[in-house]
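Two complexes, one shared chain (chain A), two partners (chain B, chain C).
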Partner chain A sequence: MNYFPDEVIEHVFGFITSHKERNAVSLVCKSWYKIERMSRQRVFIGNCYAISPEGVIARFPELKSLTLKGKPHFADFNLVPHDWGGILYPWIEAFAKSRVGLEELRLKRMVVSDESLELLSKSFVNFKALVLVSCEGFSTDGLAAVAANCRFLRELDLQENEVEDHRGHWISRFPESCTSLVSLNLACLKGEINLSALERLVARSPNLKSLRLSRAVPLDALQKILMRAPQLVDLGTGSFVHDPASDAYNKLKATILKCKSIKSLSGFLEVAPRCLSAIHPICHNLTSLNLSYAPGIHGNDLIKLIQHCRKLERLWILDCIGDKGLGIVASTCKELQELRVFPSDPYGVGNAAVTEEGLVAISAGCPKLHSLLYFCQQMTNAALITVAKNCSNFTRFRLCILDPIRPDPVTMQPLDEGFGAIVQSCKRLRRLSLSGLLTDRVFLYIGMYAEQLEMLSIAFAGDSDKGMLYVLNGCKKLRKLEIRDSPFGDTALLMDVGKYETMRSLWMSSCEVTLGGCKTLAKNRPMLNVEIINEDDQIDFSSDDRQKVGKMYLYRTLVGPRKDAPEFVWTL
Partner chain B sequence: MSPENVNCLPESDVKLTLGLPGGGPISAKPAKPPAAKAQVVGWPPVRSFRKNAMKSCKYVKVAVDGAPYLRKVDLEIYSSYQELLNALEEMFSCLTIWNYLNERKIMDNVNGMEYVPTYEDKDGDWMLVGDVPWKMFVESCKRLRLMKSSEAIGLAPRTPSKNSSTS
Partner chain C sequence: MGRATSCSSSSTASSTQLRKDLSTDLRLGLSISNFQQDAPNSLPRVRDQTSDWPPITPLLRKALEVEDQNESNSVTFFVKVYMEGIPIGRKLDLLAHDGYHDLIRTLDHMFNTTILWSEVEDGAHSEKCHVLTYEDKEGDWLMVGDVPWELFLSSVKRLKITRA
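And then the complex of A and B:
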């Protein structure tokens, strides 16, 4: 079958980097499977319970980079109990025992203990990059171990993790010999930071390109740090509060002018709006701007800022920008590809300042837009139809109307037609989140048109099992389906059980599925784990199969029921 | 599943015209949600980390009589008066919290000055720290001042307070 020596094929495979393509290539024949597996360096595991660490090591002994995801997505919204699982330690333990030369570890929604960080830092001599997203379970002691022991650390990227602050100056644990840092993201840390140690670390890191500071770094410290790192490409400020008349502020203004390479700006975790003019000089270079953690900036100041940002490709902001502000974005940011508008009042259906008007303006003004996350007060079918006409490039479309079952306020109709227009027009749509009043009809459209859809999030939608069936039957590329508070039951769940082995996972909570339905599903299905999350002992397993199941999470796996499931998780 | 508030929408206020945005009269203003709407778990779908970060943090200025500059503390990160005063002790390291629960005085180690912790409330009045429950204090405190005991005539208690359950 092979016309070329293995080395040539391996060389060719070196140009194939995406996981999907490498997976496809490995299925061609045994020889290609073998060559591919021995040469794969980056391994992506979308569900840490789908395979064992030993299995990964056995198949990919040359791996250098591992990406692991743990808890299901709805854990982000407090729907998954705290100790459900997703524990890192067994992975580090297994890798440490093996001969794998791990260099990069990227984790999402996993429980990471200080012990695991310490073991990681001591077991892999060439360890270079640690990226933790939405993880928990560790403290600054774990970070200290990484700082102290990973001699060639290039990247330490902490995004939105819950990190316990144990004081003790962990930044000082980076040895003087550590000069390799390229990326350091501390934005999520809450505790005090040793500012002079941080400044010295930056000073001896000539390759530092990305630096995101925490709230504990005040404006005058920022100025000193920037003096040491004028080569930065990505900057996240900490606290941006100062008297604009002061020396420190004027120094900062002057220093920022030297930072000609900054393309990406974030932070402003605490901000005095009058200080924002300091960054106006660098706005014309920005391709990425994240002001979504800066509630102190009012609409008009945001607008003044954004009017300078003509090259923006990615914008994350709060809804206090308002429809008017989004209009300014639409007329200024012609290169915009990704927009996220977060609620400034995340606790309720309060006073969201954006409506369908803002979205329509953006769709008309930004032809390159393909990724959207939009929290808004209301949406109309007409607006969605217009957006679909204006922007057929969407790959990710996530709409969240703050009142989850709100109809079109103009027509009082469900939003089926609007979302239908989106899926029909956006042929490359891979991810979709729905909200508002929705009937089974929207799922008919999704099943018919959303051919590339891989991930679908449903909440408070649909009328009957038909809705879920349209999706399961129609969306051939579906990988992740998560549903809450929708009237889908056993009929839909059990219609095509084989489908779930082609998907990564299915989450259903507060739906109509029963214990009996789940049991039937799980019967004779060794490749699926069907987990029932039984909080507060709601379910009595010895009795009635007709009980409704509060939370069900099922996923395909090669290794059967997991051994670390807590008491309240039952694998059927 | 019939969501309870579908029936609450003010249908009589809405003209049923389907027009493109900006085209016709926008007849429906955003309907206010029913006042008694229960908070739905996990809705809106915002990451807990972001939700916690957006909570109003309560930074207040702390002035110490005689000190050259003020400091700021975030009251939200403490859960009791004792924690707050410990933090102040760390911040102004020349002071010791001395017998707080009984005497509500703060002692300067070096020159023997006594300070009384006071705060300005929402009404602009200067109050003695510790009288009201902790959460109520956080809610109403606009700034803190460690006042020299000699100035705190009329505020500082002469006898140990009975109400020391202030967390």
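And then the complex of A and C:
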């Protein structure tokens, strides 16, 4: 019952911004559902195949900002064939036909064609922000259309996309009248860029706060650009190589001193370590530092740099920093909240890699740490138990031991107890990735203790169906489960089919599930799409149901089997 | 570096067997996923874009490969390394090392032990150490470290680590 007029309730709803909370609010009663849907401006669709674009438009006609995610997470690691799906065009087409005044579009793992970018740029007069993360299918021609037609563009953010670079000066397509840019991220582009056009664009963008350059932008161009944008808060350098004795380098040093607002630094896609001293003066202000694409910086230079960064809250680096370097991080960066350590030598033995020692040092030195991604040579139960004691605030804990089934090298035991300690201690844990030698026991612990867990990634772990069952039964808030190369089969898959409708998706590859098991699951479940990815014609649909399925991806949906599935994807 | 032992208190005998098969498969390079290996090895050594382990994005993989090529000029010299008591050996790129000290450090790490070679004093270590030897082109087994590094590289065929 409403004691207030609708306008008041709508006003109150204006303060509720999180998607989860707005979804909850809309379930209270019909009246609140109606008010909420008419006032929702930001819509988040975690799986583009869970709902149709028309359905979204019908429910939220006033939407201004849309976030869409396409391919499953394991697509990041080459496990999903390129033309699996996640195509943007139908969404743009539907939105263009409607009266929706789209202003922001954020996409992750979608296939974005130049045609869709062009249609987007011409259909929405007030379009302001385009963020593409891990997308593919477009070229600089599509970007040129966006530059040319979106007159009020504020944000063009390209993160880790596969972009086909045509020879064409797409940067020059930004009209002289375009002065609204706040954020421009070009780091993933591979081709040449018209440097003077870029410099002019920066010069006429007084609100520019975030600029990330591509490898094609050399040091001297960086200096000229920084002269035009001393107000930058977030900088990504391109190529950072020059003779330290040269004029250009000295000019850069002087210019950087003027950039007192830079809090976030990344790039160094090509770097000569001897040039790094130029950035030491701004290190003391940095809250975010990303050197994960800079394998040219070795341990000692990294350490020299980090010793200046006392305010760091987020650090992404390569493991060439070593355990010793992580010790320096631990004693220097007391404000650290998020740490990612990537492997610099994914295939080799890795002398410079990190071990459990580095992680323990970090956990002891950085009390605010809550998000971790750590690629390492080895891990011990003792270390994990210590980390759990030191740091109970983890919300994201992702550990990847390079040898995927390596036991504790000291005790030769599986790492069940170590991960068990983590889930027991970190009561707010929402995301977990496991690795190393693991038995069903670790899943027992996860099911028992990981009450807030929303996403779990499993590789080469477990002994039997019991493992998967512990997780499905115990983790009530589980939304995404992705499993590869683990011995879970039909029994686990079919025990509680209703569970999958409470989750966004389940991925299982190289496990023990059979075609028959998947068919059984798909029967009578209109709310689930059960897809089999059948590469190289491994499975003959008509024959033996006892065949093991190579890759299965299932997700809940309101709109039934998708119509754009390629030949090798079967929806059961 | 030891064998993976399967320690499952709550699983059946057949699933324990499956787990052991899985770990053996990985070590023999016959894994059920896309690993392609040129030698019995516990890490996938594919240098192409279809690799799916470790879980890093293709962009990062490429960036690291470029740097790797810049540094090493793509010249490698892999030799087999066996440890006494372990039937499955490893492979090691000698050219990725600066000299004997670097090599010993890698081997200590790879096999999780302390390795004695000709520069190390005898009697200063416990029984848990191992000795590093190599087979030269004439088929003789010699202690590592007696000849200059470059001469060693030109005559070594494979390495063996035996109990001291």
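Rule of thumb we're sticking to: the second predicted complex is superposed on the first by the 566 of 572 C-alpha atoms of A that agree within 3 Å, B and C clash if a C-alpha of one lies under 4 Å from a C-alpha of the other, contacts with A are read in each partner's own complex, and residues count from 1 in each chain.
Going forward, a residue touches a chain if its C-beta (ideal position, glycine included) is under 8 Å from a C-beta of that chain, and two chains touch if they have at least 3 such contacts.
Just so we're clear, the structure is a prediction, and the values are computed from it rather than from any experiment.
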Just to be sure I read the superposition right, which of the two partners does A:Leu257 touch: chain B = first, chain C = second, or both, or neither? neither
Which superposed partner A:Asp76 touches (first chain B, second chain C, both, neither): both
First, second, both or neither for A:Ala58, with chain B first and chain C second: neither
What is the contact status of A:Thr439 with respect to chain B (first) and chain C (second): first, second, both, or neither? second
Based on the superposed arrangement, let me know which partner A:Glu160 touches: chain B (first), chain C (second), both, or neither? both
Contact-wise, after the overlay, does A:Gly296 reach chain B, chain C, both or neither (first, second, both, neither)? second
Have a look at where A:Asn381 lands relative to chain B and chain C in the superposition and call it first, second, both or neither. first
First (chain B), second (chain C), both or neither: which does A:Pro404 touch? both
Quick check on the superposed pair: does A:Pro414 touch chain B, chain C, both, or neither? Answer first, second, both or neither. second
Chain B and chain C footprints on chain A, overlapping residues: 76-79, 134, 160, 162, 188, 269, 292-293, 295, 342-349, 375, 377, 400, 402-407, 409, 412, 437, 459-460, 484-485, 487
In their shared complex, at which residues does chain A touch chain B? 74, 76-79, 134, 160-162, 188, 190, 269-270, 292-293, 295, 342-349, 355-357, 360, 375, 377-378, 380-383, 386, 400, 402-407, 409-412, 433, 437, 457, 459-460, 484-487
Give the list of chain B residues in touch with chain A in this complex. 1, 3, 5-6, 9, 11, 14, 16-22, 26-28, 30-31, 33, 37, 39-51, 53-54, 59, 77
Can you name the residues of chain C that touch chain A in the complex? 1-2, 4-12, 15-16, 18-19, 22-23, 26, 31-33, 42-47, 49-61, 63-64, 67-68, 92-93, 96, 102, 105-106, 109-110, 112
Contacting residues of chain A [partner chain C, same complex]: 76-79, 134, 160, 162, 188, 269, 292-293, 295-296, 342-349, 351, 375, 377, 400, 402-407, 409, 412-414, 437, 439-441, 444, 459-460, 463-464, 466, 484-485, 487, 509-510
